[in-house]
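Each of the next two complexes has subunit A plus one more chain, namely subunit B in the first and subunit C in the second.
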Partner chain A sequence: MTVEIKRRSPLTFSETPLKTEVRDYWTVVQEYEAENDGPWVIDLSHRSRWDLQDSDLANVQPAGALIPDAPGHCAFDNGVLINRMNRTQASIWHLAGAPPELPADAACTETTDATLFLALIGRNIFAIAEKLTALDFKDPAKTVPFLYQGPFSHVPCQIVTLERTTGSGGILLTCSRGYGRDMGHAILAAGDEFGLRPAGENTFLRWIEALSA
Partner chain B sequence: MKRLENLPTLRIHPEKTLRFEYRKKKLKGLSGDTLASALYANGIRIFSRSLKYHRPRGLYSLDGESSNTCMQVNGIPNVCTETTLLADGMQLEPQNISGSPEWDMKGFMDNLDWAMPAGFYYRSMHKPARIWPIALKQVRKAAGLGKISPDFQMPGRYDEIYPTADVCVIGGGPAGMSAALAAAEQGLRVILLEIRPWLGGFFDYRTADNGNGTSLAQSARQMAQQVEQNASVRVFTHTTVVGVYNNNLVTAFQKGRDGDSFEERYLEIRATSVVVASGCIERPLLFDNNERPGVMQIGCAQRLAHTYGLLPGKQAVFSIGHDLGLEAAVDLSDLGLAVACVADIREDGQDPVLLAALKERDIPFLRGWVATRAQGSKTLNKVTLATKTGTLTKEFACDLLVASAGMTPLTGPLSLAQAKLAYEPYTGFFIPKQLPDKVQVAGRMLGLNSPASIEASGQLAGVIAAADCGKSVEGRLQEARAQLNQLPGPDQGCKLVTAPVQGRKTFICFDEDTTIKNVKQALEMGFDATELIKRFTAAGTGPGQAGIPGHNLPLFVAQYHGDTQATAMPTTMRAPLVGTFIATYAGSNHDMCKRTPVHESQKNAGGIIRRIGVWERARYFSEDLSCREEIENVRQNVGLLDASTLGKFRLWGPDALKALQRVYVSDMSKIADGKVRYSAMCNDDGCIIDDGVVVKKAENDYYFTTSTARAGATVEWLRYHTRYDGWRFHMVNLTDAFGVINMAGPNARKVLGKVTDADVSDAAFPYAGYREFMIQDTIPVRSMRLGFVGELSFELHVPSSYMQTLWDILLDAGKAFGIRHFGLEAQNVLRMEKAHLIIGSESEQRTTLHDVGLGFLWDRNKSDAKTVGAVALKQTENQEDRLKLVGFKMEDPSRTPKDGSLIVDSRIRGHVCIARHSFTLKEPVGLALVDAPLAAEGTRLQIYEDECNGQHLHATVVPTPFYDPEGKQLKM
Partner chain C sequence: MALTLTCPVCGKRNGYEFRYGGEEKGPRPDEADLTPQAWCEYVHMNKCVAGIQKEWWCHKDGCGVWFTTHRNTTCNLEVDTPEAQS
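Moving on, here comes the complex of A and B:
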């Protein structure tokens, strides 16, 4: 018997995928059956992520982009999201478009396999989030996109708010990969009353495209 | 019972009938009813029997201030029927009865009050001592309300939310709503919490004029509409505050309604400023049989009529101390209640308009009179009134006594917020004299009674709260202050605490059956402080918390002391202010734990999973918990262990080596390329805290592992111990990024050789070597030759997303070589046979590196950096009388001592860290930490196992490792 080489996400939804694509050994679900009109939770764990550390981040330009100068600030450009974590550290998430070329020096460590990566988008996203965390996504003092590093369903996470409009919103979160299954369950259970359903990557890409437009 | 119709204040929906069962009898209620109002509508007057004396208890208030009306609802005990909305199909059973509420077989207890004075269980039944265990059982049987099976499954869904606001307003009455609107007007996010299912507070059910031509109820509903339509105000109705904490954390629970996804949900609200506008409750009037069914408070009577359409009785007497009582008498008389008499405790100060209204209706009015006795064996049938001195008396036949000594503020949230309360003689209220930072107070709690003043005080509090949030509101603040100053201030309050009675049947606390006589007994015994009396008499310790006795108790104690109440202080309030289900606090209760990338696969292969720290791990792979087959397979063939939980880190930067040198005891500069270095970390006391291997991947770039337990603390540990050095190094925690497979056994190389083109021969990849290669030309692995279980082993670190594939590939390739899983227990035995230790199992808080035999790892001559723990290691290295880790074999080969058993002689000399039957050695062996003098080879150890009945086991200290002492197996 030959074992097929596959890369696996830490989270599998029970819904039936309608369209999938194999990409770099990942089976990426592009669309699920009955995605409905949201809100949605989307597994993006196959999308590349890096940790960037340098004592002088001001002089580092991953993928040609400037790293935001204050912790908690984020920059989203060309499908790449850069989140300033602290004085010496930033995380880089590839959301859409061509994968970025990152400096091959020591500053970057690929963390794609280290975390679960989810997007929560659509209506009532913040009502769902409110059931899982005390983090204040609606803080008027913050401008999107912004980063929180704090608990979500009691698990330390990095959470970026990308959209915050009346009636709609979008957040991205990463947490340790080992928590993948429980995090997925917790989010789906919290979102049950709001009709939260898994969606494929296409829904996410459409949303991000609209956001960038 | 016929309902009143067409009242504009009604909250019931006559068109929607709900069916429910009470004591198996089918009854009907209306949508909007509470359980209590539905029962009342069906003629139920006795709701329960009291805790101690089994006295009949009925509806007294409607906000759950006592346990009078607690019932078992749908199998759930102690549900407050006053605050729970009726739903179709509910099943209700009364509590604490032997027989029926009307005919309770334990009713005779009411005549035994002489045998149960204050604190009787502290003072009686203790001599002779043998009586107490018997008595204790009886006391315990009698104590507590409701019954629940230990395996009762709470039905329904319980949830939680964690909202944030600028201003949190507690209380949705006129003051609270005004505060919320005033804060929202400043562009702030406001959360408004209201205990009842609707906004409006004590305006909601009153038809009295607001002073501007509209009724109070009408103006409350207009204001509620404004609040609900204001996008900045988030309203939580049917929500009870249970805690107020530092930094304005407010906790509450909300009851779900039809259409909500939850039965109850817990709220944890963080706000910049908190406005407490929780209003007042009525201070119970103390007289004989003051809790007899048929006696109720003003608000209860009036709300039964106006909210639920139920006339509370036929013939009523009022004994009150506040104008609200006069208003209610007039109002209920107009609705058809015959009012025999209104007795007002106050000699003067009544609203002349209300007095005129009484006169107009020919309702007799007595100034300075008070109820002294409610009569009727089970429910009320007569009331005795007397002058305040008790010199004159009158009796009135009635089925309803509306009784209240006046108002008292609901200060629970303020107390929890650490506000300083003081007795204010004019109002008779406990009023905040000093508020914590960013906590405001508004409304009736300040003694205000005029509707306009109450609203204005709410507005002022809302504006101050806006200032707390950093808003510039100076002009608005002045305006709000001026407005309040122009309006009537606080009303004078009624001071009477108790009617002129002896107090034998005058209940100050309904929940605990505490009487005035009990309080006097405590006082006479020398308990002079209210807090002590509360505990000695149990007053205020029942489910209603301090709802009924809360302010009467300190006032009575002060009065008894002749303090003119100036020094009275309410007893300390503690969260939760109102009790609710544990299920509500548990919420959805997601058990968040970590799973490895091959968790499901191991489970499907028969893995028995155990929670270990934050991880779920496969401990066994069969029902045979000795794991014999797993162990023997590793020794004879090859096994796969999932070791993904190991801590894994990348450390790099110009000063990375210095950081390693600081925390590891070995000289880390000697790590050779392509080799792993095993070492340990100690704390400042030289005690071992972690071990693992370090690999040098490139110049100033290292990859190292830690034990599972230390993975979460390692980054902080390195940062902490280098905090003053200014070294340039960085770390990334890769624990979850890599899965780890430990493939061990004599056939391990054969399996690995089948799946990679890399040369994995002993010559090319020797013991303690490190290599990076590809599996099937695709999967990158970092591989280490280690030997934790004492066999030829390859530890394969693989990106987590590939882990399952690699696992399957190895299982497939290993079929011909007898490959199978092994779990943590098998690993435990295997490594014990090799005397390889697990930190935390063979070490404890006191054990140093030397104690556990790892002193050889320490390089005392390291330059460049001070090693954490080195000073202590020097001092303890040759210290006598330390614990030492030794191996032992049992004298009786049929007995294996339990882990943790004690090593003893005349005292405790150590303990067994691990002991197992070794299938390899065919006898039980173990490792123990013992006092140094017992560590010599050949020493006979006595082992005390729990429940051994003094029959010690015996073992002999032997050299380790037990298995393959020359290490041939792991170096093959």
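Moving on, here comes the complex of A and C:
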């Protein structure tokens, strides 16, 4: 008997997908109809994520990269984002490129199927975020990329600011997958006046490639 | 003014992100020779200070850490150094 495995994103947009791909049992939308020129909300829930815990994180090097020293600091290299959460814990998000090699000796838990993972990129995304959270993404004391652990639309989230320029930027957020549908609804409603549209993974990959260049 | 609290991991945040965990009552009493009355005193009885008291808080909407801080209960403001404010 053949067992058919399907992995589903906690969030589905009502817009019509133009191009999709089945990857690791996920149906990944690569492009939507009428994506326009942003801002965009992009569902990246199929992208691999891990939670890493160790009493001595200074000596752990996931994907060959050092984990940042201080909570709230992030390291982005070779398409892998590492976020220091506290003294003993970090989250690892695979954004682009080849999947990372993870340390075998540290406690590493895959959280891909447990959480929603969204990207908000383009013009006015901080104006949209301002309607949903009191967190200050433009705090001059912080340098990008940086991590906030706090409420977004009243939901506890991990939020990383990857880019912030005048009038434009990009943030990534994860939260428990049970909030997926409502989180998508709240973000699209808040972004309606700014022309926020769902976009496919290709738009995100182009954006992250330009950011890394 | 709304309460803000300083999380040891995330820094100063809106008080609505936190959950109150009660007064700081010191270490758990030694179980040897512990009477039910003494245990009841430790668990249930509070000082309810009108002024500065040391309290437990949890950053429930953020990093989830439990920590202690001082708060002036008469004005509902966090106090950096209790000695300076008393």
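Definition applied: the second predicted complex is superposed on the first by the 206 of 213 C-alpha atoms of A that agree within 3 Å, B and C clash if a C-alpha of one lies under 4 Å from a C-alpha of the other, contacts with A are read in each partner's own complex, and residues count from 1 in each chain.
Quick note on the criterion: contacts are C-beta pairs under 8 Å (C-beta built on N, C-alpha and C of every residue); 3 or more make two chains touch, one makes a residue touch a chain.
Note that this is a predicted model, so its numbers are computed, not measured.
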Most subunit A residues touched (candidates subunit B, subunit C): B
Just to be sure I read the superposition right, which of the two partners does A:Ala134 touch: subunit B = first, subunit C = second, or both, or neither? both
Figure out whether A:Asn86 sits in contact with subunit B (first) or subunit C (second), or with both, or with neither. second
On the A-aligned overlay, A:Thr112 touches which partner chain: subunit B = first, subunit C = second, or both, or neither? first
Have a look at where A:Thr174 lands relative to subunit B and subunit C in the superposition and call it first, second, both or neither. neither
Taking the superposition on A as described, I'd like to know which of subunit B and subunit C A:Ser153 touches: first, second, both or neither. first
If you stack the two complexes on chain A, which partner ends up touching A:Pro71: first (subunit B), second (subunit C), both, or neither? second
If we overlay the two complexes on their shared chain A, which of subunit B and subunit C does A:Tyr25 touch? Say first, second, both or neither. first
Where subunit A meets both subunit C and subunit B, residue numbers: 134, 154
In their shared complex, subunit B is touched by residues of subunit A numbered 1-10, 25-26, 45-46, 51, 53-55, 88-89, 106-107, 109, 111-115, 130-134, 136, 138-140, 153-155, 176-183, 185-186, 189-190, 192-193
Write out the stretch or stretches of subunit A touching subunit C in their complex. 71-72, 85-86, 134, 148-151, 154, 156
Touching residues of subunit B toward subunit A in the complex: what are they? 159-164, 189, 261, 268, 270, 588, 590-597, 599, 614-615, 650, 652-653, 700-701, 728, 730, 732-738, 776, 778-779, 799-805, 808-809, 812
Going by the contact rule at the top, pick out the subunit C residues touching subunit A in the complex. 9-11, 13-14, 16-17, 59-65
